[in-house]
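Chain IDs A, B, C and D follow the sequence of writing; residue 1 opens each chain.
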Amino acid sequence: MAIVLGPNRYGKAETRLVQVTRDGDTHGLTEFTVGTALSGDLTATHLTGDNAGVLPTDTMKNTVYAFAKQHGAGQPEAFALLLARHFVGTQPQVVRARVTIEATGWERLGPHSFRRKGDFTRLCAVTVEESFTQVVSGLKDLVVLNSTASEFHGFRRDRYTTLAETTDRILATEVDARWRHLSDTTDWAESFEKAKDAMVNAFVNTYSLSLQQTLFSMGSRVLESRPEIAEIRLALPNRHHYLADLSPFDLANPGEVFIAGDRPYGLIEGTVTRDDAPPARAEWYL
Amino acid sequence: MAIVLGPNRYGKAETRLVQVTRDGDTHGLTEFTVGTALSGDLTATHLTGDNAGVLPTDTMKNTVYAFAKQHGAGQPEAFALLLARHFVGTQPQVVRARVTIEATGWERLGPHSFRRKGDFTRLCAVTVEESFTQVVSGLKDLVVLNSTASEFHGFRRDRYTTLAETTDRILATEVDARWRHLSDTTDWAESFEKAKDAMVNAFVNTYSLSLQQTLFSMGSRVLESRPEIAEIRLALPNRHHYLADLSPFDLANPGEVFIAGDRPYGLIEGTVTRDDAPPARAEWYL
Amino acid sequence: MAIVLGPNRYGKAETRLVQVTRDGDTHGLTEFTVGTALSGDLTATHLTGDNAGVLPTDTMKNTVYAFAKQHGAGQPEAFALLLARHFVGTQPQVVRARVTIEATGWERLGPHSFRRKGDFTRLCAVTVEESFTQVVSGLKDLVVLNSTASEFHGFRRDRYTTLAETTDRILATEVDARWRHLSDTTDWAESFEKAKDAMVNAFVNTYSLSLQQTLFSMGSRVLESRPEIAEIRLALPNRHHYLADLSPFDLANPGEVFIAGDRPYGLIEGTVTRDDAPPARAEWYL
Amino acid sequence: MAIVLGPNRYGKAETRLVQVTRDGDTHGLTEFTVGTALSGDLTATHLTGDNAGVLPTDTMKNTVYAFAKQHGAGQPEAFALLLARHFVGTQPQVVRARVTIEATGWERLGPHSFRRKGDFTRLCAVTVEESFTQVVSGLKDLVVLNSTASEFHGFRRDRYTTLAETTDRILATEVDARWRHLSDTTDWAESFEKAKDAMVNAFVNTYSLSLQQTLFSMGSRVLESRPEIAEIRLALPNRHHYLADLSPFDLANPGEVFIAGDRPYGLIEGTVTRDDAPPARAEWYL
């Protein structure tokens, strides 16, 4: 038996880039938080501290800022691909590059004025090797709520089950979604907007008997409407709303006043996929 | 010399209320996080643990939910006034009640479907005694940015000053604003929206030589347009954006690529007031 | 009626300083997060953007690092006094300086090795004008729990009261304490340690009929043992632990299994003071 | 092509358990935050909302509290195994159960008094199927720092490299470590303490030429000293400390005064493994 180095990678996390584009007096604004991670033959630095194969993480940070100037930040997926291909293409010791981006949304207020949008964060994760490229898009922090059209009953019971069945409850969740693309070229902006809208529309329009049913509906709607997407993973916390018991005060409460719960919460995770999609080549959940 | 009890209060913090209002098939949604704090003669419980004058904080929580059913949550200021007056009016030992509310914004997606807005959080703090009432409204978490029209120069220097003067920089801040009303009745919804819009418009339209100048402009604009407001306090962190130095890579960077800084940050705090406003009767900053 | 500038201040928040002191091969480590805020005649910059009286916040940051080198970071209160006196003493336009410090604790692991302690954060806030100096020390994030020796009953009831009385409950809180010193010279390290220990000992050894009683006991014990302290303010959230109802499973639960609650929570705030203490000259809660 | 359900699971996240054990007048205290996730044939609920195979997440929460009473919370790994085996053993539709626990540390202050420790959080993740069991232990939030004995030079350079070489720097990281056990029985308490100590000792005693070298040293030391552990994964953010440039103030700064950085930060991730360890049967990173 020997003790050996297993899988490893290194990089720069949370490089914060803001780019102003100037089209005459009208400015554009892009804000990305970029993470890079490189893999390859890194045994020497781990075993002896020989850094000859280690491009500094500081260099990765510099590259993010320099590439923004040279190529423009643009769409997250395209910028991540540029960066990942650069590292694999110029560093012979690098076998794989993974670049992740969180994009902050800004709403225009004037020619050079903006307000930060806080309704969700757009995400992407790109993995590049010499022989393949994988692009994952996604979003997080999107909170949606249906105040009715949600039931939960007919569930399995055991000795520890006390939950009452319900035919009318609030269904609320904070969407965390990641979807894997079939190729590395598409209209990233349109693809993202339409995928997001498909998910939200499915949430709104699904009469729900379980959050799992809503999840599958959301995922299916994305795949039905977006042929460029191979599969989608959703993690949906069930943000419980408990009907307040007002009976001690002789008040009825027919689905009006709720206690918003913090913890614990249900957590429903699932993948919806095309049965003919090629398998993922790299771990693809962000 | 004796050791004595000084100022004190107690209450329930962060009671999380969600109210669904049902107008036929079209639902409304209100989400408040409510804090209550009561003051009065509380010496006994502090000195001996005699709780005869202590209404439990659990009761305050119950009252929030019961009042939502009985009166409707409605506007934050009105709901806070209802609660505060209830405690002062029904509990003889309570001299002062302070109720604070954080209101989460929701955007309609359908008759019973909603998406959480994340662009800011609306606030209020109401203080009620038998002889006076004070209402403060406000907001936090509103991030705005001008990509130009901001300079900073002509400042004072000492031995430790190294900052370069600039005639073109990004000006960005996360607005934390609280304003004190002259009375306890107004159209709270309209007052809030118009005050917020006045602040944002002032930020957008002020050619800024300092964040202080922008602050005063924002506060003045609110008071000019809203006669019901006595004074306003703004806390404006200067969210620094540092121009990336791309000269080692032979790249010019004329105000395009920025490093978004985290810490430290400048913090500008100031009050704008009417010179004939009656003084605040209670500590009014939330 | 005119719209005028009211109270204001500006400064640099969250300047993060780490100082290594080298005594031969044995190193010391100090970590401070420093905030500075200056007040004085700042009308010009607010009204016209004339910055002639504005020492940049960037300069304040530089001063923190330079002073650490010149004088050593040392005890938080002493370092804050140095900085505050510097700004008031060298900037004629500055009438008041307020410096706050959060000190991160580190535990020694070796001659030059350390582990961060996470049990509490030490705080101080110093206010300096030409004619007076005020020093406040404190701590936050200290969580303590008694698993018994806590009762709550005999409280006031109204229509909305449903809470059951109890003669045995968990009492847990996250201590936020600030205490005002009578002078600006003492052994800051010893004073802090002993004040903290007095608070913790009082929490441990008070048989509690209310969290208010525990609060007063904690504050009194500090004043009794530390003559250099004029008064102390405590904010004690009541971290509720709810006895799990295991009766549906035919299990008794005599004070053993608890649900730790998040929100809402009780919040008890109070001051304990010497009746002959001179009044505070500046708002002293951090 | 058809759209189908892929991998999925569901459960209850962040169930907060506090258990008091009473040995006469001396109490013990255990605090766990428990997550459960079940997998099996869940197609029906996803496709049609038929919940006949869905044990409610509320039941999982109840089971946590009931098991604490029946079996005692005890060591995290043992309690997680109990829960996971219960779900797989009693629910025929459940093929796999995964239980994760975060354990909060408490330090004794008296027979029934405790202070929360904040130096790290202990973790475990247990996966149970009918045919195999996998136990992972770990910790997070442990911050360690060496003020010297760290160099970084000889690294690879490209067009975007500007980093200076150094032969003396601060090395600081926040350890996130997970280790997979070879079996499902051991002395969990001792195993955890010794693994933690081995990691910390390796950090302290490694003269470091790269954070990767330190990582491998930490992992190796754990495997060398703990035969029950198959492999270990470490994620080590490089918490950068930048030497403050005091030259504008004519002050030397030989490794004394540092700016603690927030973002970006290097992130080093790696696995150290026994070359004869059986492969993991389930995704094992928490």
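Rule of thumb we're sticking to: contacts are C-beta pairs under 8 Å (C-beta built on N, C-alpha and C of every residue); 3 or more make two chains touch, one makes a residue touch a chain.
Everything numeric here is computed off the predicted structure, so don't read it as measured data.
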B-D compared against B-C, more contacting pairs: B-C
If you take the mean of the Cα atoms for each chain, which one ends up farthest from chain D? B
Cα centroid separation, chain B vs chain C, in Å, comes to 22
Quick one: chain C and chain D, Cα centre-to-centre, how many Å? 31
Note: chain D sits from chain B at a C-alpha centroid distance in Å of 38
Check: chain D positions touching at least 2 other chains come out as 16, 62, 66, 160, 162, 248-249, 262-263
Mind pulling up the chain A residues that touch chain B in the complex? 16-22, 27, 29, 31, 62, 65-66, 68-70, 106-107, 109-110, 112-120, 141-149, 170, 200, 203-205, 241, 244, 246, 248-249, 251, 253, 255-262
Touching residues of chain C toward chain A in the complex: what are they? 159-160, 162, 248-249, 262-263
Can you tell me which positions in chain D touch chain A when the two form their complex? 1-16, 33, 35, 37, 42, 45-59, 61-63, 66, 90-91, 93, 151-158, 160-163, 208-210, 212-213, 215-216, 219-220, 223-224, 231, 233, 237-238, 263-276
